[in-house]
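Each chain carries a letter (A, B, C, D and E) given by its place in the written order, and its residues are counted from 1.
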Amino acid sequence: MTTSNSLVYLIALPLLGATILLLAGRRADKWGHILGTLMSASSFGVGLYQLSQMLGRSNEARPVTQKLFEWISVGTFNVDAGLLLDQLSICFVLLITGVGTLIHIYSISYMSHDHDRRRFFAYLNLFIAAMLLLVLGNSYLNLYVGWEGVGLASYLLIGFWNQKPAYATASKKAFVMNRIGDMGLSFAIMIAFATIGTVSFEGIKEHAHHTSTGALTAIGIMLLVAATGKSAQFPLQAWLGDAMAGPTPVSALIHAATMVIAGVYLITRSNFIFDAAPTAQLLVVIVGAITLLFGALIGTAKDDIKKALAASTMSQIGYMILGAGLGPVGYAFAIMHLLTHGFFKAGMFLGAGSVMHGMNDEVNMRKYGALRKFMPITFVTFGLGYLAILGVPPFAGFYSKDMIIETAFNSGGTKGIILGVVTLLGAGITAFYMTRVMILTFTGKSRWDAEAHPHESPILMWLPMAILAVGSVSSGFLLSRGDALVNWLAPLFEQHGEHEELLAPIVVSGLALAMVAIGVVVAFLKYSRQEVAAVAPENVSVFTKIARQDLMQDSFNEAVFMRPGQLLTSALVKTDEHVIDGAVRGVAQLALGSGSVLRGVQSGFVRSYAALILIGAALLIAAIWVVI
Amino acid sequence: MLNSLTLLMALPIIGSIVVALLPKTKETLAKQVALITTLIVAGATIAMAVNFQRDNVDLQFVEKYSWIPTFGINFAVGIDGLALVLILMSTVLAPIVVLAGWNEAHGGRWSVKVFYILILVLETMMIGVFAATDVFLFYVIFEAMLIPVYFLIGGYGTGQRSAAAVKFLIYSLFGGLLMLASIIGLYVMSGAQGGHTFDLQALSQLEMSSTTQNFLFLGFFIAFAIKAPLWPLHTWLPDAADSATPGTSVLLLGVLDKVGTFGMIRYCLTLFPDASKTFTPMILVLSVISIVYGAFLAIGQRDLKRLIAFTSISHFGFITMGIFAMTSQGQSGATLYMFNHGFSTAALFLVGGWMISRRGSSTIADFGGLQRVTPVMAWSFFLAGMSSLALPGMSSFVSEFLVLVGTFTRYPVHAVIATFGIVLAALYILIPVQKALHGPTTAGNENLSDLNLREKIAIAPVIAIIIALGFYPSPLLKVINPASAHVIAQMGFTDPAPTNGDK
Amino acid sequence: MDAANYLYLSALLFTIGAVGVVVRRNAIVVFMCIELMLNAANLAFVTFSRINGDLNGQVVAFFTMVVAACEVVVGLAIIVTIYRSRRSASVDDASLLKR
Amino acid sequence: MEFTTPVLNYTLLSPILILLGAALITVLVEAFVSKALRPITQLSITLGGLVLALVQVWRIRNEQSMTAAMGSVIIDGPAVLMQASILIISIISVFLIADTEHFTALAASLPGSDEERQAVQSGNQVTEVYPLTLFAVSGMLLFPISSDLITLFVALEMLSLPLYLMAGLSRRRRLASQESALKYFLLGAFSSAFFLFGAAFLYGYSASVTFAGIRDAVVGSGGNDVFLLIGISFLSVGLLFKVGAVPFHAWSPDVYQGSPTPVTAFMAAATKVAAFGAMLRIYYTSFANAQWSWTPMLTVIAIVTMVFGSLVAIAQRDVKRMLAYSSIAHAGFLLTGVIALNKAGLEASIFYLFAYGIATVGGFAIVTLVRDAAGEVTDLNRWKGLGKRSPWVATAFAGFLLSFAGIPLTSGFIGKFSIFSAAYESGAKSVVIAGVLSSAIAAFFYIRVIVLMFFTDPVEDGTSVEIPSALTSLSVIFAMVVTIALGVFPAPVLNLISDLATFIR
Amino acid sequence: MVDLAISVGTTQNPEAILFWVLAPLTVAAALGMLLVKKAVHSAILMASVMINLAIFYIAQNALFLGIVQIVVYTGAVMMLFLFILMLVGVDSSDSLTETITGLRPIAIVASVGFGGLLISLIGRATLGRSAVGLSEANMNGNVKGLASLLFSTYVWPFEVVSALLITAALGAMVLAHHQRIQTRPTQREMSTARFRGESLANAAGLPGPGVYARHNAVDVPALLPDGTPAANSINATLKARGDMLTSGSFELGKVDTSAEEEK
């Protein structure tokens, strides 16, 4: 373990950027975007520097730590503000700052007409800082700060245009659902402290082997809950679609490339817990499997390009979670898919942004069509991302996704078969809906509104797209060459025994490609050969209707949580007013009332007063009579 | 160097006399005198805090003068970490309140002068109530404090101010009288066991039967639970907060209500350790109910001030839970929470108050799109809200998490239910944020003015403290920890060791 | 002859006097009933004086008579005053002050 | 029986003798001094007598522990304290009485008659209130120092008769005033019959009329306690009537309301001191050993009294009636001091009596100031907004109310605290609990009045606050100062009480 | 009961007879006080109770008290009562129907309870010592015995009672004495008022008793035996001034009697 003094700059730079931009206000409007981009870029620079340092050290010496200060220390609860940069986090650092910087650059142009561009960059910087804290924190509590920090940044960015009530609602929804996940993280930390006595990664890793499986399972499940919230996994996935309300660069950065993969990071980071808690691990796999299908199915029905991509993100993260749930053998592949996905999905989102930029912010794909000619660069970069996500060799997705499918098949027994089938099915559906997106957007006839004047985006926008496209093409190959990533990460994970191979890699690849082909063909038949209606047809199957409504997730939440919650709230408000305060007022009324009644004793007649005295005396006599 | 608590208490009184001597028409001068006085007091308190020996669990700055020897009553003051933190909070909040509510006194029943006299007198009592080490002195101040607050609410508030003031006063008096009964019990018992005294130290050594202890404990506890306020004794608070001026609300919820939770630690736990243990299960349940109930009620409010009041009920639930969890994390967390809550509530009330006074309505639905119109005010409100929902990086996160962790190690179920409160917190903050700050700028809000310099100066330190302590709470924790550990040790508790899942 | 009989008589007279105060409306009669009660007390004093064999009781009775005389003067003056104001000596009419 | 020449020990009796002397002089003044000069002459003589008596009480404070007048009276520490309290209260009450606005111009005239009008026009005054006051005060001084039943009875009548008369002398609402005199008189006489009957049985029980003799009998009696209990009960009826305990309280609201306010102040404050003084003495000395028999009785009465007084006060609309019910509640609190039956209880009772008495006079003094064209305004609804119109008067009244409510830093709080702790010490916890709860109820109506004065807008109905006369101001200021001083620095007074307050038996 | 039984020697039987004869009478008289309507009857019954009591005092060796009871109580106090009754209206009678709702049953229950319990309690009393009797105390005579107590032991209350008497006198005076508000008019003033007043109707005062006339004024002429006015019975000056009334309205048969009927 090495210590360093420079880790903090990774976070401090973007944080400084955010602070300056927020405090300076309108004064910084002119140069705010440049400062923000610079801060992000310099953070990326620090990351690269750290990587170079790390590469120069042996496996054991690669993790770097930095203790900043004693944060919270009460009794045995001691948490330092400390950072940890190891082989795992460096991947994330580079992804975040790298993709982040690209998206900063993209945004300079994309947001150039927005009155509040400076504020947007402040939020972006804030997000970068928080996300870096998330992946750099050396304890669950530090992670938690970043975890909620990205939630806040996400909230601010989704609601960037919160003057539209729907957007404001979307941001609130995202925050609240994330909080439910955060609660899981809180629980995990509490259980960890109560059972293990520490909340640092290092400490827990050290004690994990002599901690009961029950405790670890509990921690694991709670971490999973956290992951489902942040990574939009089932059952806390509903916010992601609405989160597309934010400016498109936000969707690219936060809701595709970085924040939403925090769950994967968390599970991977907590490998020492999940490895010792098979039940929790199984749940992770199940969640991943459900979500990848769930997302994919939603993706088939969305006409909003960003929502389609968001559904795809959900699905792809399902893959990653599933991969991470497969244990040591899957962690590296999950991370690999995460990285490749970061490239191609970010690229596609930026592409979508570019399309919208050219189409007066229209998001409905049914009103696109034939954009290939007008936006060639966008088409190419988007297309490369498309090929990558489909898993067409040799694009990035082919390496990462196929590895996960393969690992799923090989995880053994019925579980393996089910998971394999699910992942394959997912790949097929992915092919279908992504093809649909391609066809609807770029080919066919134009179905634009009258005032649309599609045009290619400026260089500041297409350059980042191009760079990401390069990543989409090459990252898979580079990372998997000689198991580079697997070996890089290996020292962090418990080594695993060899699994029997159910299916040979080549068979899996074949099956996967076959599924993809089927998906593409079906989509092609459905959307390319037929006229596409500019307005979504209503006479569709029940299934489509359900898929359009995100598989009823909102209706479900509404019926099960929101309505009863609202009822409970109003019932409690009434209870407070009438029962509790009513009781208080009742006591006051009782006093007043009895006062008024007792007043009656004072009738004004002297004889009744005398009678009162006589009665009093009689009672005294009676008392004596009883006593004696 | 000024190191006398008595002098510290005298300062605001001197200020109030100066204000009283000013002619009625010199309103600005009265304000300035009040501001300067509170600033001096704050400075003096900080100076004392610097001289405070952190690792010394004994009372410091002890002073003792005979007051009513017949009853063994002394004017005895002294502070430990707990008291220091709360005094610090009070005296730092005071100038902020004065500055923030510069125009609050206008439109009151009486002159501006009277407002500041009341505020300054109240500040003296706020210091005294935390510093008192004589139970009788504590009680006297505890009760006497009600009067200035009563007049502040009833005289300068809005809406149903006199009804709210009366409700507040009657509620508090009721609790206070129960406490008086208990204090009498203690006094009599001390007489039977070696001479009448009200010295806290001496009283904590009393031998009592468990029944007696339980009854006396209840006397104290109910008084504090009303003050704190704990469900179901909370109904005075929303009304009071609704009617009081923002500054008064800050002092009421931020400082006065802390007397309740402070009293639970200082008096309930110290004087009646066994009874405290007996009642812990009940109190924890009430705390958890407060947390969840307060949050739900906050969600259901249409009025901004009432909403903030209910959030406080939820927060006080956390504090009480931390206190009775009997772990060092819970205890320290609760104390830190008291401090942090003071500032986050201050921020909410002050900014909320500015919003309300500009808009002329406290109904949340009347606001809309303020972020576009008054960005600084909106941001301040947002940050205050974030602090209230205990966002990590804000001071209240540290304390809330400590309370939860501390509770979890001993009472996991309670902690788990309480944790649901954080989701509800997100709702009760974000709903008003959305309605008031986001969305299109609705009619009536277009021409609201943003915070002026004075207001910015007032709110800046609050937010700075909130954020600074979120990242670096150590200075406070180092003061609090020894005191908390002392309480826990006195109670005969040790923190539960890690169970390793009983493996 | 049992001295206790005087006590019974005294108690009886006292009770009758007390009842008279409650049931009669004419202020003068009411006052006479009070006098009856005082007389009953005097009878008790005299009887006890005899039982105890000392004269203190008789002295008390003597004082009672003097005091009662003063009381009668004051009382009747008040009754006359109120009669003059109201043209009524009924105690029930004097019920302005109540509740 | 040999005749022994009586030794009266005049020094110890001097306060009473001074007052009686002053009273006789004032009676003569009535006869011989011209009408114009009478008021000022009477006032001077009265005040002079009272002050002289107070000085004399102070001078004999260390000659305590002595009986005087052939054992008829005992001058001990408590006696000195009670007498001093009564005298101080009387002095500030006389300041109020000096305001002629309260008393009828001619008591013998018919209400509303020409004669009355003429009397008012001619500036006639019933200066007879001064001798009556002096007689009442001397009765009050005698009451708590009496040490045999005869003196006690005579003192009881001596303090009562002038009060009966004074109750009927109001200038406004004379019918009500006369009615209150009638009620007070009839019920007072009724209760003194009970008192006397009880005394007879005590005499029968103990073969003695002295407190010491009764005490000896209680300690070592051969027979059963029937006569003792009958005696205690009936005697208590008389005493409880005077202090206004439920169910013997019924006179007090009517009489307080009907009487001229200065008289109300005087009798509410001074009579209570005297009556409780006597009660304390007889219960603490004679009946102490029969504690088992009367403690339960007094406990029940005390609880009922405080709760009843507090509850009914809530429903009042008239400030004088409200104060009357409040005084009933306070009688309940004071009874706890009797129940306590320990030195602390005695000290607390004395302190409480003094503090309460002073605050009561202060409170009623304020009532005298709030007037309209037709005299005092006692309808609470017309007190609305008083704080706005006359902040100082309202503040002073609020101060007295807070003292009644027992808010810390007022004398009422110290009193309540000390009396409850004494009761608690003696094991009477139920009374303490009831006391605390009814204090909470009581707080409600005190605060309501404060709300009315400060937080309600004034109604324009001609109610105004009279500019207080110098004497009235003096008594208000004095009462306020004492109320605050005893709340903040009660130590000197408490020490004095603690040094002196021991009954000799 | 047993302890209370005392023997008073030879007087036992006569006293018993006395008691059993007079006690029922006393009680009956007392009850009668309650039940008769007229206040004055009550007073008479009260007086009889007092006389009976005086006899009981004397029977119990309290000779002085017995006498005082008759002289002071029955004689003076009761006379005062009667006097006031006369003043208030001797005829005034009380309706015995109860007007205050619920008071009568309460009164009956309370009084029966009170009396019954009291009497039964006395019955249960024991004294623990034997009754002494007054023969020793009255050795030097009842009056002398009382006097020596009164003027030595109880001299202080005895003195104080004087204050009580003054109070009573003062009180009666305050309430009953009509002070003269204005100075008493002189004869001259009264005379001026008579003749310079607005009307001369009363200038001559009212006619003396037994005179059938409603006016006795100087401005009204006298009537001659035949009923006609005698003009020369009027002062000439008045006649000249025109102050003379015509006597027609005073003739018989025209007398206005409405004022008479009003009475």
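What we mean here is this: a residue touches a chain if its C-beta (ideal position, glycine included) is under 8 Å from a C-beta of that chain, and two chains touch if they have at least 3 such contacts.
What you are looking at is a predicted structure, and each value in this text was computed from that prediction instead of being measured.
Hopping across touching chains, the smallest step count from subunit B to subunit C is 2.
Counted as hops between touching chains, the shortest connection from subunit C to subunit E is 1. For subunit C, the chain whose average C-alpha position is most distant is A. Legend note: the chain whose CA centroid lies nearest the centroid of all displayed protein CA atoms is B. Annotation: A-B is the more contact-rich of the chain pairs C-D and A-B, by number of C-beta pairs in contact. In this assembly, A is the chain whose CA centroid lies farthest from the centroid of subunit D.
As a whole-number value, the distance joining the C-alpha centres of subunit B and subunit E reads 74 Å. Between subunit D and subunit E, the centres computed from C-alpha atoms are 33 Å apart.
We define each chain's centre as the mean of its Cα atoms; on that basis subunit A and subunit E are separated by 105 Å. Computed centre separation for the pair subunit B/subunit D is 44 angstrom, with centres defined by C-alpha atoms.
Touching two or more other chains at once are residues 170 of subunit B.
Shared contact sites, meaning residues of subunit A that touch two or more other chains, fall at 588, 599, 602-608, 610-611, 614-615, 617, 621, 624, 628. Multi-chain contact residues of subunit E (touching two or more other chains): 100, 103, 107, 110-111, 114, 118, 121-122, 124, 127, 137, 145, 149, 154, 157, 161, 164, 167-168, 171, 174-176. Shown are all chain pairs that touch, namely A-B, A-C, A-D, A-E, B-D, C-D, C-E, D-E. Subunit A contributes residues 22, 25, 69-77, 81, 141, 144-145, 147-149, 152, 159, 162-165, 168-169, 172, 175-176, 179-180, 182-183, 186-187, 189-191, 193-198, 207, 210-216, 568-570, 572-573, 576, 580-581, 583-584, 588 to its touches with subunit B in the complex. Of all the residues in subunit D, the ones that touch subunit E in their complex are 1-6, 8, 13, 16, 20, 23-24, 27, 30, 68-73, 106-109, 115, 118-119, 122, 124, 126, 128, 131-132, 135, 138-139, 142, 150-151, 154-155, 157-158, 161-162, 164-165, 168-169, 204-205, 207, 221-224, 226-227, 230.
Touching subunit B in their complex are the following residues of subunit D: 347, 387-388, 391, 402, 405, 407-409, 413-414, 416-418, 420-421, 424-425, 429, 432-433, 436-437, 439-440, 443-444, 447-448, 451, 454-456, 489-491, 494-495, 498.
Against subunit E, in their complex, subunit C makes its touches with residues 1-9, 11-20, 22-26, 28-29, 31-33, 35-36, 39, 42-43, 46-47, 49-56, 58-59, 61-63, 65-74, 76-81, 83, 89-90, 92. Within the complex formed with subunit D, the residues of subunit E that make contact are 3, 118, 121-122, 124-129, 137, 139-140, 144-145, 147-149, 151-157, 160-161, 163-164, 166-168, 170-171, 173-179, 181-182.
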